[in-house]
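Below, subunit A partners subunit B and then partners subunit C, in two separate complexes.
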Partner chain A sequence: MKLDLGSTFIRAIAVAVVLAIVAAASTIMGTYPTLIAITIMVFFVYSLSWSLLANTGMVSLGQALFFALGAYAYGIFAISYGMNPIAALFVGPVMGALAGLAVGFISARLRDWYVGIFTFALTPAGYALAVSSQLQPWTAGAVGLATPRFPLGSSLWLPFATVLAFAAYLVIMIIKKRRIGYALSAINNDETAAGTVGINARLYKTIVFGISGYMAALAGAMFVALYTSYIAPDYFGYPDISYSVWPIFYSMIGGMGSPEGVLLGTVLLDPLETAIRSWLSGISVVGGNLALVIFGLLLVVVLLKAPKGIYGYVAKYVESRKARARRAAEAGTKAEVSTGQ
Partner chain B sequence: MAAFLIPSYLISTTLYGLLFTSIYLLLATGLTLIFGTLKLVNFAHGDLMVLGAFVAFLFVTLEGWSPYLAMVPAILVIAGIGVLIYRFTLRPAVKAGPVNMILLTIGISYILENALAYYFLPVYRTGVEIPSPLRGTGILLPSNVLLTYDEFLTIVISWAIMGVLYYWLFRTRQGIAIRALSQNPVGASISGIDVNRLSYLTFIVGSALAAIAGTLYGIMFTFNPFSGILLTLMAFAVMILGGVGSIPGTMVGSIIIGFATSFVSYYMGQTWGEAIAFIILAVILLVRPSGIFRGG
Partner chain C sequence: MSMLEVSGVVKRFGGLTALNGVELSVRGGELVGIIGPNGAGKTTLVNVVMGVYYPDSGRITFDGHDITRMPPHRRAKMGLSRTYQVPRPFNDLKVIDNVAVAAMYGSKDLPVGEAREIAENLLRRVRLAERAEDYPESLSVVELRKLELARALAQEAKLVFLDEVSAGLVGEDLREVLSVVRELHEGGMTIVMIEHVMKVIFNLAERIVVMMNGQKLAEGTPSEVSSDARVVESYLGRRWSEV
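Take a look at the complex of A and B:
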């Protein structure tokens, strides 16, 4: 089923408006909502990177590998090599892209769930590297790495994140409308058939993993630069898998079939999650775990009852309205014709 | 490298290799049985195992049961939870395709881990071990290496269970029916096999194996609510290495992964010991994705 509401241009405008409203409203509301809005932008980029892969038929269960690589690369470039943090924010994720190409090279040769297990198995390896004594001088081991202040006025952080989030959306839309986008959706529908019309599935899958790796790493670098100012080994999604699971939550519950669905999921769920989590954490030390149980249940219910997510529901509703209107119009024309005779 | 030549190192590493092998064997056999028969990739398998260990732990510490007796309630509880998960989430989702299935079991794993953490962390903090009355006693091997009775029992129990399972799958009518089901569900159903009942049975046996593996693991190693991920991954590494759905393959796979883990941990440190399983996994996925024994 296609999830299309309106033309590409109108959808892009709508996404820009939603992002702008989120940014403006949270700025008016104060400092804390502004921080939450920054995480919305970060997780939008991150979830887009995951759904880009999922829409090519590759389920990444270890997306946090790229997220954490981006975060660490940003921190290490900025601290150990004295790079300007703004430059490091864009150069760091190149490491994520390279890792993505390497992981993609193997993943492109594997079928559905093998990709999941392979990417999943990489996160403990990433964690092991981050805490290893050999890399300690750069990563600061299990203690984590504190990063320098991002060299922009703090009132500009949210607008900056918003622009990056919109840019990530545009990249996804451009990919969709280009030859590569059509190739990817053909591969997703039927890889063998795509092969017979001359689409090199392995090449495209490797490339798309590289792009996804860059985006996830950019999200990781943004997360550190604009929000936490601190990098911890658990960004690798190990031993707690949260960092790998969040983009799945936002994408699946919002509707992974389209970037607008992913936006919907992130904008609705990210503040909700933060609110529930801080409320329950106030009640008990392990309240955060209870909040995650609730979100896990939500994911399971959505997967069982509405596999296309919220956006899928909306699209279906609009589609049926359109179909009814069309039928009514046809009936009207027929009636006119018959009365005319 | 000279460390290899010291007999006591060699003997104790071999012993740990056997231990890891025994536990991975039980865990991966449950996983491969469920996958082979129901075509269901269960990413929550390791979490069921940890949950089983925790149930046994509660019976030992609160009720004063012997850990080997506490295995029974662990099996019952985990089999029950397994049936509930299968009935209400996985079974209705079979039509939805592999992608949704994977995400569903990841979601279940996430729920189990955090639900366990909610009860576990405030009371037990970092991690626990199931206390065993046999601790510290055992048979003295050459070069002063102690084979504790717990370790001995773990190896004996797990291989005995494998023997029973093998007999059940290859020599009894029910086992043959399950293998028929794994080869061709429609054909099995036409020849009068009750597919529905056997599907439940398979999931129950798979979950019970996880509970047994969990209890044995908990007697010898420390565990916490998040130990499940690494164990799930180890079981997948064993399963893929051996060939998905093949029981003899799982045996070979667990021997390779078990001994590799033990030897690399001993000579290069625990971090690398865990990583070696995934290095083997990556190589096998690249070179021969169907595993050593082609699954059937």
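Take a look at the complex of A and C:
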């Protein structure tokens, strides 16, 4: 997935500008758009965590496991252990990283769709733990956990989320540019050939799952700290699978081959999802699931037309325009030469 | 002492015995050819030596270490490499980065910058420098073969298996790839060439191993092998007239 539009530095600046515009515009528009913008930042981090795995050849269908673990770890650290919520926001996701390493250790030994089945099968287990009577003193069971107010002025919540979103983008870009990034591309393309050149695919897949687990858990913690102030067991993506599915939709429709594509998908689709959901909930109680149906159809349509997502489609178009301009320039030089003769 | 020692290796796939007690010994600096008809077990032998599958029985040693059950990436770090009959490039990486990644993770662990410098030099050496910034999907078969040779070089492999490096090539393209192979060998690399057609290795190999039905049928210099009655009868006799 070679979606290179410009140098790394220019790309990073462009992403920073887009994030800043989203934050500034929504702040001007009012309280509700500001909340939507916070979810954009959260789901950007979350979708990046999913696409990092997908670009290493592992399709996670249970990413909500880590999202919910981050949310619960944040809440439990802040409530049951009296940790400062700001500290809990960063320490809680360590649970997601540990779970990611464990899931990754096994996933690295599975091929193809077995990774999807395995990760998907873990989400009911997460839900069962959250509602179990043994853990009720910490999780508050099916009732869910109300979390204390995040100790920052509420006008700072969106800027804070924006900074975290940009940090997550930078982490992905650094991974891409370092030694490990080359190994991940090789593993994604051909795991056997990667082994032939000396790459320990199982080790890297496990590490990547740990990083992805942290990022997804951070998104979960941000979601609770800066948006809902409440943790429900269904964050585990069970029985409502949507928590596992949104990052897949956003990444694939936007273009999972590059973090910019993931950003595009999130910025376009997250507000759309909210709009569809609120519109449908007026019509029926299953509005959320109907929104999934609509997004499923949208995914099919986009992938038929643009297999590498919207960003991939645009990148390809720009590339072909450049190539045409180059050919035209060459033809021009030739014409000059021939008139010269 | 030999660099690679394969002894009594058996590999079964269900009811099919692909390798039935193969013996192979390669000394450092040699260029050995392995020939045999389709289904003789040549590629299975490469896969077993590289660790794609572990043998059901038998033993493989490389540089004096038992590698029979060692994972593939560790064999690569010890200096074993291969090319594929159907080239397997990393399509998301540019040609130069395909080679650089092998330098990063091969015998040594090198940082990106140094690995890319090495890759640049190696691409010049295999005469592929002008394609450095392209993606592998735009490469021709010859270029892909050269890319895989450059990858093996970048790993600083001591011993490389070339699995039908000549397949699908004729005329100038074939000569070009074979001349690169010869240069690598002259540069000190130990090479085992798997070929389907005798002609390709006849002038290149110092020693030829003939495989048949998962076993070693004969072994010797090219002229010894081609005059061996069993070989002529079971393999070359049919094919020799075509060559």
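Just so it is clear, the second predicted complex is superposed on the first by the 335 of 341 C-alpha atoms of A that agree within 3 Å, B and C clash if a C-alpha of one lies under 4 Å from a C-alpha of the other, contacts with A are read in each partner's own complex, and residues count from 1 in each chain.
Here is the rule we use: contacts are C-beta pairs under 8 Å (C-beta built on N, C-alpha and C of every residue); 3 or more make two chains touch, one makes a residue touch a chain.
Predicted, not measured: the structure shown is a model, and the values here were computed from it.
Novice: Should A:178 be classified as contacting the first partner (subunit B), the second (subunit C), both, or neither?
Specialist: So A:178 only meets subunit C here.
Novice: According to the contact criterion defined above, which of subunit B and subunit C contacts more residues of subunit A?
Specialist: B
Novice: I'd like to know which partner A:198 touches here: subunit B for first, subunit C for second, both or neither.
Specialist: second
Novice: Looking at A:230, would you say it contacts subunit B, subunit C, both, or neither? Reply first, second, both or neither.
Specialist: Neither: A:230 stays clear of subunit B and subunit C.
Novice: If we overlay the two complexes on their shared chain A, which of subunit B and subunit C does A:292 touch? Say first, second, both or neither.
Specialist: First partner only.
Novice: Quick one: classify A:61 as touching subunit B (first), subunit C (second), both or neither.
Specialist: first
Novice: So in the superposed three-chain picture, is A:190 touching just subunit B, just subunit C, both, or none of them (first/second/both/neither)?
Specialist: After superposing on A, A:190 lies in contact with subunit C but is clear of subunit B.
Novice: Given the touch rule stated above, what does A:138 touch, subunit B (first), subunit C (second), both, or neither?
Specialist: Neither partner.
Novice: Common interface residues of subunit A with subunit B and subunit C?
Specialist: Of subunit A, no residue contacts subunit B in one complex and subunit C in the other.
Novice: Give the list of subunit C residues in touch with subunit A in this complex.
Specialist: Subunit C residues touching subunit A: 50-52, 71-74, 76-77, 81-82, 84, 88-93, 97, 100-102, 104-107, 111-112, 135, 151, 154-155.
Novice: For subunit A, which residues are in contact with subunit B within the complex?
Specialist: Residues in contact with subunit B: 54, 57, 59, 61, 106, 109-114, 116-118, 120-122, 124-125, 128, 131-132, 238-241, 245, 248, 252, 284-286, 289-290, 292-293, 295-297, 299-300, 303-304, 307.
Novice: Which residues of subunit A touch subunit C once you look at their complex with the stated criterion?
Specialist: 1-2, 177-179, 182-183, 185-186, 188-190, 192-201
Novice: Which stretch or stretches of subunit B touch subunit A in the complex?
Specialist: 41, 43, 89, 92-93, 96, 98-104, 106-111, 113-115, 117-118, 121-122, 226-227, 229-230, 233, 236-237, 240, 271-272, 274-275, 278, 281-282, 285-286, 289
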